[in-house]
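Look at the two complexes coming up: chain A is in both, with chain B in one and chain C in the other.
Let's look at the complex of A and B:
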């Protein structure tokens, strides 16, 4: 679908639907209150939602805005987590330092790896990034310095720290969201979208594609890395199978597409819905929750192929909606 | 010298299975531009079909190959026809998400039917092998390789010589032009997706002979299918074969690495995936369309 069609059905512009964005900011404000009213389990559930949202924002920047579908962003989450763990085992107990180090290391790693990898296009880029993620996980699992497969234990998480990490994760998510918003409206964001729409045309217009792609991936890496840096001390223990889990790789992608790819509100809406639904289903259907979870994803894709954000901008009622469904039918 | 020969043989034997694992995935991706995340789940279903036939009716695993193919073909055909077809023209990520949901569904149903227990298919000839010079070759793996080569050969002939094969190739080149020439694209898509699932079923049957079974076994093979089909070149039969063999051989040799650098012991068996993936990265950087891939935009 081209931009004109998207605008007509109420989706379009570089940041997506403004009402959806306003709703998301309101929800973020509400999430500030969670540690005051609930603690323990519920707080962890919402901290995980925030964590997935931050990773989804990271993925959205490279996969949604720049059009380079990465299957390896979990590498940055893992590297971020290990940055925290290394600092923590050396006696540093400051979550701000964890996040800053993780962002710096991830950005540097993304830039170095991105130089060869971002020359690849489309599917080949996706596989190469998957390769990077699996290789990083394998290498860390084999380094005794980083605990190998046994992992690293960080300090004990006490009551006071518990909410501190919640708020740290909240800030990381808010930062990723606002970062996406301002980047999308800046010259940088327009360059990303230009590369997504037509890389050759962008190059003709004087956009150095390689440089912008590396910038996009580095920022994307910083968001995932920051989320990992808060996750490690909040969890108290990390090992390669936790930090490089397949879920952490696939969930942010699925959440972004489900919410609305290439929009500012989409990743958060997707994360809230998916992680929330997963949690509720697990509670009510112990054995078959994944069954309902899978069925839910299938139904949403069939009924709202452009993502949930689309609901906010729907104009023309049921008839327009039915008509829009036929667009994708073979 | 003897170790090198043994590694090479092991690599080729493993590579044959990988080629079939990747073949269906590669065709669906290359022809329909669908990254089928349910491929691993289809492989698992194929393996369980064999397991079920073997335990209930003592059907030889090799004889259950056609059964796996037909059952999974039918499943794939129906899924494409009645579910995937709704978003056939949507961006690749939409179908990506859809197949993710389908994979969750299928794996969960399998967990409820067969439970999470690990199972195996052990035939009378399972442990049998023969030696050739210094090299030991298990019979099952050799048969598996022969079956894998035969299947790739048949697929190649069918795609290049038959009328349906021609229609499939035409659809992958230019969907509009194919439609104008009288190709029923919906039907072709359903056949290709069915074929991808059927080949996954065949791969599952072959896998069940040498690997343990459980409902989540597909994940590992899905990732390997990803790597192999890109390594060889997307959407081509020869590409899957060459990619599978290269990947199998690299992985087999990687297990032999055993060095100690500065007190840090590095053993290849733990790093085998990392090494195979570094090879993939190098291949992609040197030849971005895969070993057998054609240069396209």
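Let's look at the complex of A and C:
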């Protein structure tokens, strides 16, 4: 595969535009300072942005790089959250252990479920993954050991140490971001992209599609699961309606698409923009914020069909952008 | 290139504007600011609006009558609202914003048990007292929280009154079917009703739950119909009550009594169902027939309160209005008794509060729950909500057994 083809597939290479990635790394460094200057509510807002970003990275790996559009990644987020809750109810009070268990359980679950589900293609795969998410939520809602629909309360650290959850989420997001970067540049990443571009051709080249797809989904699951594992103690209470919320399923997908699908910078930029805008709209329009939010998503999809990251690689300014829109519409 | 710079600058600007502190709501001067994330959109919108009305009615009354007196000084009242979209985690996040960004003095509860639970956690961590009138699940009060107080009777009591009433009628009800939404509140309501029934010699012939987001419960209703129960109970909210009552009519399910935990009391129930709403029983925290004599400082009787709701919002006073107002009243009396706006002092005053209001007694057990106030049973008779149980507060007799569909 030559450089020109890669440029066409990803935007400016398999990891996306390098300037965009550098900007994102810079923003991540800035975010490290949030708890020092904005303790409390603002910290929670940015922690949620980081959480969505981690989930978006998870989705990007299977949906963006491998080309399998999953509507079920919220299942891993939920399973991760419940891993924390189970450990917490057994007296374990260590976020690192929460995350490790969640990643292990989610990877195992994705591998087991992926074995049959990843044999499906296109729409069928999407529907099957949605089914998986709904089934997991329903099973947990009916398990009384997991609190059923009533949910589980988790012990939280006190207010003075509360930033612990922020830093934990920051690390999860950084891990997901760098993980995506290195995976994309490795043989693994090329295999994922090969499957996305033409699965049959990939098989002819000797890539075991099923195996690589399972690996992609398992890694994807680990990212979402890790985010869930930190979310649970940070929120202090989880139930199926919180952990398997439609928002947590749809937002990461929309964020990735808005930011730039199949790039390393895209999920973070999408998460920052969408979650940030949602927050600001909520603040200024108490009642109509959902309306503006919807309108904003539609506008971005119409005006930037290739995602925001694409802007970083655009040559020729506004004129080129307008031209690209015409091409898109034709 | 220009676009690229714009994009990068845009991202930075967004970060900055999020991180920028918003000005506190409290204007200069003597104002006590309350904050509340309520359901202004989402599946609990109707109930959320009734909650807001209850809060606002109190605010307007207090401000028109000189405000709250704290150590000899009068304070006006302000309430800052956000829309929690009826989502538990959003509600908690907004509570955090109200405390950290808007610097509210105290929290008034959101609508619903799930949201109240997550907000209670924030109140506890930030040590800001919350009084809530709309989260009846006992789970909230079994966590050892010190800063959350609930003015309502616990969830398990919601349907007990209907069963008590049905047992006392002729012919006495002997069997009961219970359907319940899957949320924490509804599950506690259902469990409470089932426990009451079995401990009083009634038989639970059918019991099932459905997702709280369900829009079709017809399969549950046809299964229920097979068991031919005397009393049909639903533990849920307004949307559930409408769904079940319509379903029962469609499948022509006949019972001696139909009871709901939430629904019949809200004005929308009778509006939506017309004649089919007649005969339906609802468990209620309050009705305008209750006969308490309230302490001075607010409307002292249920009738006066109901009149105020009617003239301000042009609908009949609903118990969600009343319990929300009651939450405000708990704050009003506690703040006056504390003689301070210090959160810890107000919390202590709330824990010691013992005052009778138009809504009933406001007094909390050591968990913060008001177990001292009884509930009432209302029935829709000829389109009008009538309190029928317990007998000493009733303003009408229960119409029992309920007539067949089409004759109501």
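What we mean here is this: the second predicted complex is superposed on the first by the 315 of 330 C-alpha atoms of A that agree within 3 Å, B and C clash if a C-alpha of one lies under 4 Å from a C-alpha of the other, contacts with A are read in each partner's own complex, and residues count from 1 in each chain.
As a convention for this text, a contact is a pair of C-beta atoms (placed from the backbone, for glycine too) under 8 Å apart; a residue touches a chain by one contact, two chains touch by 3 or more.
None of these values were measured; they are calculated from a predicted model.
Once chain A of one complex is fitted onto chain A of the other, the partner contacts of A:23 are limited to chain C, with no touch recorded for chain B. Once the two complexes are laid over each other on the shared chain, residue contacts for A:301 go to chain B alone; chain C is not touched. Of the two partner chains, chain C is the only one that A:44 touches; chain B does not reach it. Legend: residue contacts after superposition of the two complexes on their common chain; A:34 is shown touching chain C, with no touch to chain B. Legend: residue contacts after superposition of the two complexes on their common chain; A:141 is shown touching both chain B and chain C. Applying the stated contact rule after C-alpha superposition, one finds that A:279 touches chain C and leaves chain B untouched. With both structures placed on the common chain, the touch criterion links A:102 to neither chain B nor chain C. Within the superposed three-chain model, A:290 lies in touch with chain B and with chain C [touch as defined at top].
In the superposition on chain A, contact is made by A:250 with chain B only, not with chain C. Counting contacts by the rule stated earlier, residues 138, 141, 287, 290 of chain A appear in both its interface with chain B and its interface with chain C.
Within the complex, the chain A residues that touch chain C are 19, 23, 27, 30, 34, 37-38, 40-42, 44-46, 48, 138, 141, 148-151, 153, 156, 158-159, 162, 235-237, 239, 241-242, 245, 247, 269, 272-273, 276-277, 279-280, 282-283, 286-287, 289-290, 308, 311-312, 314-315, 317-318, 321. Residues of chain A touching chain B in their complex: 63, 69, 116-117, 119-121, 123-124, 127-128, 130-132, 134-135, 138-139, 141-145, 246, 250, 253-254, 257-258, 261, 287-288, 290-291, 293-298, 301-302, 305, 325, 327-330. Residues of chain B touching chain A in their complex: 29, 35, 83, 85-90, 93-94, 96-98, 100-109, 111-112, 185-186, 189, 219, 223, 226-227, 230, 234, 264-267, 270-271, 273-274, 277-278, 280-281, 284-285, 288-290. Within the complex, the chain C residues that touch chain A are 1-4, 7-8, 11-12, 14-15, 17-19, 22, 40-41, 81-83, 85, 87-89, 92-94, 96-97, 99-101, 114, 117-118, 121, 125-126, 137, 139, 143, 182-184, 187, 209, 211-212.
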